[in-house]
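Below are two complexes that have subunit A in common, paired first with subunit B and then with subunit C.
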Partner chain A sequence: MVSVLIVDDDQLIHKVLERLLVAAGFRISGHAFDGAEAVEKFVQMNPKPDIILMDQRMPMMSGATATRQIQHLDPSSRILFLSADETVREEAMAAGALDFLTKPIRSAILFEMINKYASSANRSDS
Partner chain B sequence: MNGNRGQEGVPRSGGVARENPSCEHESLAECSVAERPESPKADFSEESNEKVIFLLSRSSGLAPYSHEFVFGGSDPQLLSGFVAAMSSFMGEVTGLQETRWKTVFGSSSTLVVEGGEWIVGVLMVMRETSEMRSKLRSVVREFEESFAFLRNADGVEDAIFSQFDMFVMRVFVEDRLSEASVVLKGSDWRDIHVRYPSPSIGFKVTKFLYYLKSGESIKEAAHSQGLSIQEVKSLVSEAVWRNLVYMKYIPADDDILALSEKSSSVLLSPGNPMKISSPTLKMLASLNSRYSVSSLLKRVGSRYADRVLLEVGTLINQGYVQRIPLERRFVLLHECVLSRLMAVLARVVGPARTRRFCQIACNRGLEQHPMLGRIRFRRNLTARCVIDDTMTPADLDNMYEAVGYLIDRIQHHPLMASRVNKDIVLLAEDQCRRTWISHLMDTAL
Partner chain C sequence: MLITGLGKEANRVESAKMIWTLIEGTNDLVQSVRSDGTFEYVNKSWLRTLGYTSEEFPDLHLSDVIHPAHLKQYQEYVARVMKGESLDSIEVTFVTKEGRIVHTEGNLYPRYEGSRMDGTQGFYRNVTERKQAEEIAREERIRTGFFVDIMTHDLTNINQEVLSTFELLLQTSALSPEMDELVREGLAETERAAALIANVKKLSQLHGEKTEIVEVDPADVLREASKDVQARFRDKRLLLRTNLSSGEYSVLANRYLRDVFYSLLDNAMKFDERKKVEVDVEAASISHTPFLKIQIKDRGCGLTDEQKDEIFLRIVDRRQSILGLGLGLTLVKEILEGFGGQINVEDRVEGDHTKGANFILLLRSSPTRQQKGGAV
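Then we have the complex of A and B:
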């Protein structure tokens, strides 16, 4: 079962994403509500999540900064950006995100992307 | 930001709701089709339930963002003044800061209001639907997240909302397009001058519209112009957003439909005043927010499918019929898991004790989750959530939590704690997933 860490400062987004991802057969391995918490959670997590769903605009630390720090800690971490703001795409990709998904995104595409990047991680692990 | 700003040219009639005023045909389906050919007189604005959306700052009373779904319908700035004054007046009178309310003006104008932390979202529609309120809620949430720095700002340049405008467009238009959705194009689309996010998008939309035949479905347009479905959906959304074309939102097979609030008193009233065909009436009467369009079509007979879908599309446009919102789909999925778990528990402790256990759990949790009072246990040991038309997305969230509470209670039943039973629980969840996942695939987040 693919595990996902959700990083977003909006409680409602956490709720919706968790319900949807669980319904689709994914496992939620954790929640973080800002970039700093995401880094802290990631360090503590064992095993690491297969995929991190990252928002950009958050208090304390932005998604791009958190991505950079997580990538520095573990270059094999797989981070997907989820934002309505296309203007941060470049920054997110430069920070080490695997892909940038523009909101609103269709759930089918989100599931497809998570599976795609999680399975490529499994391939490279093996 | 106003998506329509910069439009000039053809004056259009306002968005006063009438039931197909120009239609002289015998049935609703014929009226719908009759409007299909390009005609200089074609006014498809009546096809849109949504008229205007605007977001209002609680502190300043100003509307930093607005969009008109219907050209020349209602002035968002004027309406925002009204809502700000109304909100402030009611706050003074009642001493309450309500976050969700609506005001109905006559039979065809409703202002749906959904409050966030510092932004109030207002949507003017012909008829309120939970689907529209759910969309409005997600727009308010996204705005507050994207523009937190505007919280105490007095005024800003429209340009900063261009990305957000695309988000709202996707939520209100693209998310609702199915392959069967029909594009209605008037001949005056060329005379309307609009601004696009970039010249290349403008070129693509114009080229697409040039070759588009009015009345073509998304699928037909994709086929005839050699484009992918997703490309056509994007182009159509851009065109709809600028009032160049209008849509008839034909539902997809997996959609689950419901009548909107108070619609049944119009649609199913004696004498059939809306001239709805018999197969469609049959389908409308069977809508219970649980069955997919494809399964309901089987009941009315596949030979009527096209006609029924076209009529239902018209009713969706007019706000009489709605797709159930995501929150409701979550409740149905959870209800399925609960029913399966009840069946598992019944195998362990027997049906009577299972029912009793659930009833006691409901009574104990009622204070924390009052929505437990809306869960019924049927003779065949399935759970049914009582959901009515007036429930908001927030109510449905509460209902979901209530069902989740019961699921948790069953999972922690002393006799369910063994390893074998845990596997059965996982199996039950997996079975519901298989049944419900197709209804969750087309959700916009």
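Then we have the complex of A and C:
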């Protein structure tokens, strides 16, 4: 079962994404509400999540900074950006995100992208 | 200055009078300053603008009237002029007797005492009102950008929540056919709102930023946009026929060219009820011009002549009734204008708008690259 860490400062986004993802057979391995908490949670998590869904605009630390730090700690971490702000696409990709998804996103596309990057990781891990 | 019909001496006297009249009559600030920084002469406009009388100015020093924050810069100008330079279009900030700031632009020349250089002569236009208007406009742009940014970010998050909630309802609830239809319509409306928010944000960005114009391969951008449009319409298939292929053409554009293709293909998908949506994209260089012509022909519901006239108008010129058509094509036009492109629309089948639209784009070809494609 593909595990997902959701990073977003909006409580309701966590709620709806969790319900959608769980209903589609994914496992939510954790929640973080800003970039700094995401880095902290990632360090503590064992096993690591298969996919991290990362927002950009959050208090304390942005998604791009958190992505850089997590990638520095673990280059095999798989981070998908999910943001309303398309202007940060390049910054997110440069920080080490695998892909950039624009909010609002339909669930089918979200599931497809999570499965795509989780399965590509499984292939390269094996 | 030579005044015709007068003798040499009379001419000299009349010329001097005329120059004097011009200097005293102008609204520009004119000053003649000795090398020790005291004033030899200032005109009426100078006195009026800075609030001094003709009795007061002989006791003044440059440091009394140049704004302290700009005095060092002004002294550098003076040093250059004293070495023989003449400076055009310099900015000088004065301060009035009451402490008001006066922004000026003007010229600074050497002042001669006989054949000896002894100070400077300055001619300055008061641009304070223009500067204040520019500053107000700049602040307004920043404020508007900030509000748009906050609003679009938060509204997009709200839309994500509503969209996902509708999807959850459809996936997990046994809805009656009527309720199912209602939820699907709500979902479509949420996506329409999201597209409108994205367009407002892009329009705001277009006005607030200078984007780099680079050489772009339109075939690659079209392919990328069509892939994104196809991903959005999962229950429809985009059948794109085009003679554009990678490496064939190169145009000058910015990063928003993708949005132009995306918006036109997205419209083609939205306004064509068939499951297989056919779109033809034809490109050809226009002979003896620096333009590449790209025609995007869809088979949607088309545009009436009235809509054709108004659909690309700037927001401020649009009638309320046309606002319902969204901002997509207004955005397309503004993006294209940002890099010297144009757009027009005709019927795909001349005289019958119901057969679909033909959007004709003119993009500037890259001058550094030989175009391989055919010409029209």
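Assume the second predicted complex is superposed on the first by the 126 of 126 C-alpha atoms of A that agree within 3 Å, B and C clash if a C-alpha of one lies under 4 Å from a C-alpha of the other, contacts with A are read in each partner's own complex, and residues count from 1 in each chain.
Following the convention adopted for this analysis, a contact is a pair of C-beta atoms (placed from the backbone, for glycine too) under 8 Å apart; a residue touches a chain by one contact, two chains touch by 3 or more.
What you see is a predicted model; the values in this text were computed from it and never measured.
*Asks:* Record, for the superposition on subunit A, whether partners subunit B and subunit C clash or fit.
*Replies:* clash
*Asks:* Examine A:D85 and indicate which partner it touches, taking first as subunit B and second as subunit C; both and neither are also allowed.
*Replies:* both
*Asks:* Tell me the contact category for A:P75 with respect to subunit B and subunit C: first, second, both or neither.
*Replies:* neither
*Asks:* Residues of subunit A touched: more by subunit B or subunit C?
*Replies:* Looking at subunit A, the partner in contact with more of its residues is B.
*Asks:* Is A:P47 touching the first partner subunit B, the second partner subunit C, both, or neither of them?
*Replies:* So A:P47 meets neither subunit B nor subunit C here.
*Asks:* Just to be sure I read the superposition right, which of the two partners does A:G25 touch: subunit B = first, subunit C = second, or both, or neither?
*Replies:* Touch partner of A:G25: subunit B, not subunit C.
*Asks:* Between subunit B and subunit C, whom does A:F111 touch in the aligned arrangement: first, second, both, or neither?
*Replies:* Touch partner of A:F111: subunit B, not subunit C.
*Asks:* Would you please give the residues of subunit A that touch subunit B in one complex and also touch subunit C in the other complex?
*Replies:* Common to the two interfaces on subunit A: residues 10, 12-13, 16-17, 19-20, 23, 57, 84-87, 103-108.
*Asks:* Would you mind writing out the residues of subunit B in touch with subunit A in their complex?
*Replies:* Residues in contact with subunit A: 138, 141-142, 145-146, 148, 163-164, 166-167, 170-171, 174-175, 326, 330, 333, 397, 400, 430, 433, 436-437, 440-445.
*Asks:* In their shared complex, at which residues does subunit A touch subunit B?
*Replies:* 9-10, 12-13, 15-17, 19-20, 23-25, 55, 57, 82, 84-87, 103-108, 110-111
*Asks:* Show me the residue ranges of subunit A that touch subunit C in the complex, using the header's touch definition.
*Replies:* That would be residues 10, 12-13, 16-17, 19-20, 23, 57, 84-87, 102-109 of subunit A.
*Asks:* Which bits of subunit C are touching subunit A when the two form their complex?
*Replies:* 152-153, 156-157, 159-161, 163-165, 167-168, 171-172, 190-191, 194, 198, 205, 231-232, 234
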